[in-house]
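The following pair of complexes shares a single chain, subunit A, combined with subunit B in the former and subunit C in the latter.
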Partner chain A sequence: MAEEQKLFKVTIDNITVEVEPGTTILNAARKIGGDVAPPAMCYYSKLKGSGGKCRTCLVEVAAGSTADPRPMPKLVASCRTTVMDGMIVKNITSERVIDARAGVVEFLLLNHPLDCPICDQAGECHLQDLSYEHGKAGTRYEFSRRTFEKHDLGPYIQLHMTRCILCYRCVFTADQLTNKRVHGVLDRGDHAEIATYIEKALDNDFIGNVIDVCPVGALTDKTFRFKNRVWFTKPVDAHCGCDKCSGQVTLWMRGDEVFRVTARKDEWGEVEEWICNTCRFERKKVSDWTIEGPTEVSRHSVISQGHYVGITKPAETIDKVMGRKPQLLMDIHTVSGVNDPNVDLSEIEGPAHSDDFKKQ
Partner chain B sequence: MQSLTNRVKPVDRKPMTFLEKIYLWEIAKGMMITIKHFFKRKPTIKYPEQKREFSSVFRGLHILNRDEQGRERCTACGLCAVACPAEAITMEAAERKTGEEHLYREEKYAARYEINMLRCIFCGLCEEACPKDAIYLSQTFTPSNLTRAQFIYKKDDLLIPDPNKDPEQYAKALGDRKRPQ
Partner chain C sequence: MGVKLLLDKAHVEGIRYYDVYRREGGYRSVEKALKMSPADIVEEVKKSGLRGRGGAGFPAGMKWSFIAKPEGVPRHLVCNADESEPGTFKDRYLMEFLPHLLIEGLIVASFALGSNATYIYIRGEYAWIPDILEQAINEAKANGWLGKNIQGSGFDCEIYVQRGAGAYICGEETALIESLEGKRGNPRIKPPFPAVKGVWDRPTVVNNVETLAAVVPVINMGGEAYSKIGVGKSTGTKLISACGNINKPGVYEIDMTISVEEFVYSDEYCGGIPNGKRLKACIPGGSSVPILPANLLFKTAKGEQRMMNYESLSDGGFATGSMMGSGGFIVLDEDQCVVKHTLTLARFYRHESCGQCSPCREGTGWMEKILKNIETGKGKMTDIDLLWDIQRKIEGNTICPLGDAAAWPVAAAIRHFRDEFEWHVNNPELCLTQNFGLAHYADAREVVA
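Moving on to the complex of A and B:
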């Protein structure tokens, strides 16, 4: 098929874009970018077969195609519906979509605990963003929420099943990245849960990616657990010569300590390149990495707080004028116990406990 | 030149009259003002014996609250620290172990919690940001001190006394705040 493929013209929120046949509405909207792109909780472009579960990406199709311009009767999941030539899609311009999305958020939050103050994902949680942007302030649910016991998925991954929204992303990751999957979704309906049979440890070099893939705080990094809030750590791009993966990562640092290592994420919150467990969990020293520079963080993200980009520090002139360095009235580390230079929180395996702090 | 306000007074450069030159009249005029103030209501109070009542929305020294079972409410979510415009609050979190449920309300708690009272501007944004009802600004002000180091308030300095173990101190700490509920 040497001949040029015909591009489909699709109009989303009055913006026309040309895409290849077979593209989904969601990907066409992402090509436009900005607010036009519907939010997605389960769809992940790097995972085959993902999508179609969370219903947050619902859009209204006002005209099916040029050949058949009838509108689709119901809202469609944009991650699963492919475009047709001349299709007219309404996303944020449609009242129905906004109303439906608020309903979907309410459903997702039915069983999701509101333990954001405790959750390590807070600040980079997609469900937090989604409910902030599309949800309603209150809930009408009066019954007790679904709760589960905490599972340990191996030494590095913590599973909080209570927070899970059953997006299946981690199951697809384990299926497609590793050659044997030991976790999956058990039971049905309200009882459905991500679990491993007989608490089997997930031992695979790339299984740590399920943490990055998880849109909520159900799967979190145990080596970072409760160490710090995401927005107090500073993301920097770094790389290392890893023989298993590309070694392109983001380090989340406080001072000279590496608190957490994650894969780099694009503007849709999707991983750019998968990284291996060694990079993610074991390389927690600055000397292991070549730092490239601060990660670009959206100005609207809480993570950008306190991170001043593109400023030059004014030169210190006191020593030139006075002929000596200014006298320090107090070294904060002699008084404060927080961020003690002699203690590396990042080197404690797992979360800190009361005995870790008593020692000092 | 056009004046910026309508309150400009041109400088009077007329030579002084005889009455002004001897100054006595002017002194008497000044003394009249001073003497008038003897008979006015005094704006000052005798401080240690007399104390002025604080406003019901006075924002003073912080306290870290406990729940009715005496467990610490703070879960080290960091929202007070991120809301703080003066960056006075710092903390470090730890995980609650089994057997510590009577000490901490949530799974995570603040192992270290410090407020730098030299930086704090008592704006009360931490109180507003707290999702767990853990931090409150009380009706007392920070006592003065001779060293800077004493102004770094640790968690022990901030925590309210346990209502079960030390009800007297707890009641004293609550004070008689008359705040419209």
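Moving on to the complex of A and C:
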């Protein structure tokens, strides 16, 4: 009989969780969920070897383990650092982490064109979420942003290199899904670019998945390009009897029109099962699919707007971690008595006057 | 005259060739080592206190003892000859003039680590050196020092020379391993460390050329005797490649007991600053270590004399000290502009960043652009603080030490020469035609006299 495996206890932002040895800090934090989970732009649990590059998931290790409680001197990439028993990790409770992360977001946005108004990814873009949650309002960059020559990747996939944050996810996808090495990074440093060698089209039955793994709008679906904003379309789970893939997809519909087909994604925005190009690009009629029902959408997503049913509420951990409610920039009631939550407007006769609030 | 262990025979006519090298006592350490057990050799290197000469100064014996030894998995030794740090050219000198010394060290180290296939990864720009090394390898092989059953000991070893394609990043050990495997030279994320999973996922030790060459005197004289040369934890001798505004640029072997002042001004070493100029600043360990102004170079913040060794050069941390680094000693005289100099380094690191992780990829380019503005008189006062903030956000947050190496020179330049940056901002036109000069960083010698 196999010996029962000892679980490692790891404390992340004051919340303790038990995980199997070999789990990364990021995955342990995802087990807790909510704000405790560090953001990840390059790590993708389904892709071997991914992670460690974007540095958004940096965390502070306050104590290495029970056996060796020394803190780690540098911030570590939580997606590539495995937990030890008794490890104490600080994520949002560490000033250093918040500061370094804001720095990384600034670096990522430095050369990003911020063309969200015309970008197909807007609304489901991880970089948008990241900069909203961890970034600063302004930029200190005063130089022209870098641009690239256009590469044509074939009839289905559009590459916008200017938007790329070089997470290497698509490189890993192409490497791990296809037999031949077709897709990679040319050049180095800030002029490194994603491309196929000498303008070859990406030609593989499953290559469409690079669109789904891309955290930004660098790789987009040519069949959906400029057709609609993602938040106007409704995601619907559907399946079909496909002989190449599982056929389990999400249809993005408006009325009875199928605008886009993508793989199903979990709460971390990761594809659950790869789908084939035929399902993704060719089957754009409702009659091709058996519809299962609306997809669960995270409440924070803009896709959840418009009275959409089946909204899931994310785990809220700020209370537990910081011992306080999420901070507002300014509590309006400290400077203005108007709309005091303690006053029930319906109980006031006639139009409300500031005196009505001061009485309280 | 200090002790010379590596370069003592460098001027013997024809030392590059096997016959002369052997006649001068070459390959004695291999004879000695093959009679020892591998564990004893590692122990001897540990005892010697030999520290890695590539930059970080990690004890070589310790590194060797960390190598994993799983059953049935081959182990490899890789010699890091990708010497690309601006200002460092000591390995080039060793390989060019004493190739057999490196081969000898490699054979001993391969035997100690159990590596049957040893690689020399050499920088692409050293286009003529692989031929010298390969000739030396062939000579060694013809005389039974390499190949099957070396000198009847039953140990097999082959040395292969692999040329890089000219990327600074491939001097980082994991990037070097990737490149050696034929992939793009991107540093790997550690752990796993190369000692566990290196070349082709096999346990690997990566050592600098000079470290491996220094194994020869360690074995010849014994670790105990080697550790007595030098001072404290800085044992043995170190090659320093001196360049910049000095009378005698070149590679010098020092035994770490001389002072920095002696090194710069004595005729035996750099021979002072040419044309009667005064010293402004110095980078004591290759372009990535912090620059030191003259007053902090000769004396530490505590007022002690600064010596040419690991501890003394790093005395005071980064606030008032620097690092031994790889031994690229760059001297700047009073006519040099620190802003321009920092821009040159920032441009280098921007060009050499592999582009894998975001702080280094984006931050190095940003720093270069800001420095360029300041240098050409378009800078603003806030740019200096911005530079400081950028370097702070790069340092320590990257996959490999290239981010740190890009951040440190900028940080040190602002820390010690902020008034020069401010002068550039305040005098946008003057700074195009004139240099800031020495200011209050007077040459320590003049002040003392």
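By our rule, the second predicted complex is superposed on the first by the 306 of 360 C-alpha atoms of A that agree within 3 Å, B and C clash if a C-alpha of one lies under 4 Å from a C-alpha of the other, contacts with A are read in each partner's own complex, and residues count from 1 in each chain.
One rule holds for everything that comes next: contacts are C-beta pairs under 8 Å (C-beta built on N, C-alpha and C of every residue); 3 or more make two chains touch, one makes a residue touch a chain.
Small disclaimer: the values here were computed from a predicted structure and weren't measured.
Engineer: Looking at the overlay, what does A:16 touch: subunit B (first), subunit C (second), both, or neither?
Structural biologist: neither
Engineer: Please work out whether A:139 is in contact with subunit B alone, subunit C alone, both, or neither, and reply first, second, both or neither.
Structural biologist: neither
Engineer: In the overlaid three-chain picture, which partner chain does A:290 touch, first (subunit B) or second (subunit C), both, or neither?
Structural biologist: A:290 sits against neither subunit B nor subunit C.
Engineer: Which partner chains sit in contact with A:66 here, subunit B, subunit C, both or neither? Use first/second/both/neither.
Structural biologist: neither
Engineer: For A:188, select first, second, both or neither according to whether it touches subunit B, subunit C, the two together, or no partner.
Structural biologist: second
Engineer: Give the list of subunit B residues in touch with subunit A in this complex.
Structural biologist: Touch residues, subunit B against subunit A: 75-79, 81-82, 87, 90-95, 97, 100, 106-108, 111-112, 114, 116, 131-132, 148-149, 152, 154.
Engineer: Along subunit C, where are the residues that touch subunit A in the complex?
Structural biologist: Its residues touching subunit A are 167, 169, 184, 189, 350-359, 361-366, 369, 386, 393, 396-399.
Engineer: Given the complex with subunit C, which residues does subunit A contribute to the contact?
Structural biologist: 51-56, 58, 73-75, 77, 80, 99-100, 103-104, 106-108, 110-111, 140-141, 143, 165-166, 168, 184-185, 187-192
Engineer: Note which residues of subunit A are touching subunit B in the complex, please.
Structural biologist: For this pair, the touching residues of subunit A are 115-118, 122, 225-229, 231-232, 302, 305-306, 329-330, 332, 334-339, 345, 350-354, 356-357.
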